[in-house]
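Please go over the structures that come below.
One chain, subunit A, appears in both complexes that follow, with subunit B as partner in the first and subunit C in the second.
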Partner chain A sequence: MSAPFTHKMAAHCESGAVTALLKNAGMDVTESLVFGVSGAIFFGYLSVPMLPFPTIALRNKPGRIRLKTPTRLGVKMHTQNFRDPAAGMRALDELIGRGIPVGVQVDYFYMDYLPEYTRAHFNAHYIIVTGKKDGRYQLSDTYFPMLSSIDEATMRTARFARGQFAPKGLLFYPETIPERPDLKAAVRKGIKDAVFYMTKVPIPFFGVRGIRFFARKVQEWPKLTRDIEHLSHEVMMIAVILEERGTGGGGFRYLYATFLQEAAKILGDAAVAEVAKEMMVNGDRWRDVSIAAARMGKRRDLGPQKLHELGEMILERAEAEQQIFRRLGALVK
Partner chain B sequence: MTNDAKPLHREIKQLIIDSLKISDVTADDIEDGAPIFGNPKFELDSLDAVELFVALQKRYGVKIDDQNLAKDVLQSVDRIAEFVGSNRTDQ
Partner chain C sequence: MKEQDAKAVNAHQVVLYVERADDSYGPVQTGSYLAQEFIDDFFLKREHYRLECLRKLEAGEVSAVWFYLQTLGLAEADLAARVGASRRAVRRHLTPKGFGEIDLRLAARYAEVFGVPVANLFQTIAARDELVELMQERTANPLLTKTRVGVAAPGTSVGAGAGAGAGDAEAGKPEAGR
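Presenting the complex of A and B:
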């Protein structure tokens, strides 16, 4: 049993999976629109007991795209969690048996079609199950170039993995699609959300304030690390997080710039298109941060002066994003 | 005192559940004076704190524009209700 489905790679799994499901249901949307409408662009410097080392978040909490975008586009999305894995697997089988492609949340580690070196435990990965054949689930993973498959036991383990962002058997699929979604309203809400979370949240490690916080804190990382090897690893992780962890590059800033280009057309506002260009340049400068971090880490060139230079590059991103989001806030009221 | 005698508490509990998309939890499961964050029942983190005070702002018109205030207010449903009761602008 297999539902007809057009597989496509995407910049980010959650926005990619939601986009693919909506397109499959007949809605004309792009990944960048799905991302932007949910207001997903964000920055957070996260230093909490449950994490072994401080890290950065470049989008809002996993699950928010899946929840906000369909609502804003007038899509009725069926969403279900399961306590009982057997019930969760039966429900999945029943849906794909009816020819319905289903989004599921899984632990990334168990996607064994992906290169082993890329696989780490992360519970908020999203894929689409399109069918089942010879005991293997056929699936569309936006991080893989073609349709793939995993066996039943692996799917069950992946869907019911424990820990942070535990999937709890989550499955979702669009039930109804509006004939004429109010894209203007959806785009406005998405931009207002982004402006709020980036510039108005009164928490020093979130939003633009969070970027400044990061710029300062990264210079203190030598105090948190065991030795130069540890510091090198953590500094190089900056590049991995910004470029490799399904952000589409530049810490989601390129994806957001593409959204702003579309938003400008939808809103009929050329000024938003100008902000899109600034955001694209901002993405380039975040990429420069990635390259600098990777180079410093690889060369073990991590003295105070070098870390200060990295901090200054990050601080420049804070100033740029302050301007960008302030302008967006003035344009979209 | 039952939840029915404290309608604002009940409202806030439902707002917490709805805005933070907490599954398998009802308003009856949330104790008035118990911690919201750091409570293993709800698995909430600092990103959820942001979502919650946005939701409180939208629903009750309260402004939480200081980090220390946010930490204080979001401790428990009792504390949120006390703050909302004194500062709401939606009525």
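Presenting the complex of A and C:
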């Protein structure tokens, strides 16, 4: 049994999965629009006991895209969690048996078709289950070039992994979609959210203040690492997080620039298109940060002066983003 | 980023958002630049650290739980939440003495989180010859793992040679997702 479904890679798993499900249901949306409408662009410097080393977050809380997009576009999204794994698996089987592609939340670690070196425990990965054949679930993962599959036991483990952002068997699919969604209102709300989280949220390690915090803290990383190879690894992870952990490059800034270009057309506002260009350039400068971090790490060139230079590059991004989001805020007031 | 600057040749595919020649922005599927340029260094550092952790494990300084915690890059608090134990208990299990007190059910939960057979918490597997291939397979019995040993054709070995042990990628892979 399998549902009709067109697989396509996307930059990010959550925005990609939501976009694919909406498109499959007949709604004409792009990944960038979904990302922007949900106000997903973000910055956070996270140093918490659940993480082995401080890290950065470049989009807001996992699950928010899935929740905000349908609300703002007027889509009725069926969402269900399960306490009992057997009930969760039965419900999934029943839905795909009816030919409905279903979005599910899983622990990324168990997606054994992905390159081994990318696999890490992260409970908020989103895939779409399109069918079941010979005891294996057929699935569309936006991080993988083609349709893939995992066995039943692995799917169960991945859907019912414990820990932070535990999926609890979450499944979702669109029930109804509106004929004419109010895109203008949705775009405005999404931009307002982004402006709030980037410039107004009163937490020192979130938003633009978080970028400044990161610029300072990265210079203290040698104190947190066991040796030069560990420091090299963590500095190079900055590049991986900015460029390849489902960001579309430049720490989601390119993806957001694409959204702003679409938003300018929807709102009929050329000034928003100008901000889109600035955001694209901002993405380029974030990519410069990535390349600098990767090269420093590979050459083990991680002395205080080099880390200071990296911190300065990051600080410049804080100043640029403060200007960009303030301007954006003024345009959607 | 201009579309032509996004192109990289690598099997690891990603989607990047780029500026096209007509000034429009949109997605392009391409190879991973980072994997192309930096993956060797990543593997080198990972292997160095794995061998250092393995040395400590085999010297009896740490437990297999510590070994996998370190090589998978997990935090103690995260591991505790994933196996459903307290952080204090997990900390105890990081030592050989504390690990010796756990029951099989908890060992199975650890193994599931680490993506390895339960048996790998109690053994390291090493082959003397690089041509020897080791494959671990799941059986219907949740506590039993079948280990197949074969000889690869010359030039096709995947590195289960001397020094491979607990956490060995090839030995652990088939069981990932138990």
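Basically, the second predicted complex is superposed on the first by the 333 of 333 C-alpha atoms of A that agree within 3 Å, B and C clash if a C-alpha of one lies under 4 Å from a C-alpha of the other, contacts with A are read in each partner's own complex, and residues count from 1 in each chain.
Going forward, a contact is a pair of C-beta atoms (placed from the backbone, for glycine too) under 8 Å apart; a residue touches a chain by one contact, two chains touch by 3 or more.
All figures in this text were calculated on a predicted structure; none of them were measured in a lab.
With both complexes placed on chain A, subunit A has more residues touched by C than by the other of subunit B and subunit C.
In the superposed pair of complexes, A:10 makes contact with subunit C only, with no contact to subunit B. In the overlay built on the shared chain, the residue A:225 is in contact with neither subunit B nor subunit C. Touch criterion met: A:117 reaches subunit C, while subunit B stays clear of it. In the superposed pair of complexes, A:55 makes contact with neither subunit B nor subunit C. Of the two partner chains placed around the shared chain by superposition, neither subunit B nor subunit C is touched by A:71. In the superposition on chain A, A:199 contacts neither subunit B nor subunit C.
In the superposed pair of complexes, A:322 makes contact with neither subunit B nor subunit C. When the two complexes are superposed on chain A, the residues of subunit A that touch both subunit B and subunit C are 164.
Contacts from subunit B toward subunit A in the complex involve residues 21, 23-24, 43, 45-51, 54, 64-67, 69-70.
The touching residues of subunit C, when paired with subunit A in their complex, are 1, 6, 12-19, 24-27, 29, 32-35, 37-39, 41-43, 45-46, 48-49, 72-78, 81-84, 112-113, 115, 138, 169, 173, 176-178. Residues of subunit A touching subunit C in their complex: 9-11, 31-32, 49-53, 109-110, 112, 115-121, 142-145, 150-151, 153-154, 157-158, 161-164, 229-230, 232-233, 236, 239-240, 243-244, 248-250, 254-255, 257-258, 261, 276, 280, 283-284, 287, 290, 294, 297-298.
Interface of subunit A with subunit B (complex): residues 44, 46, 48, 57, 60-61, 63, 67, 81, 83, 164, 166, 168, 196-197, 201-206.
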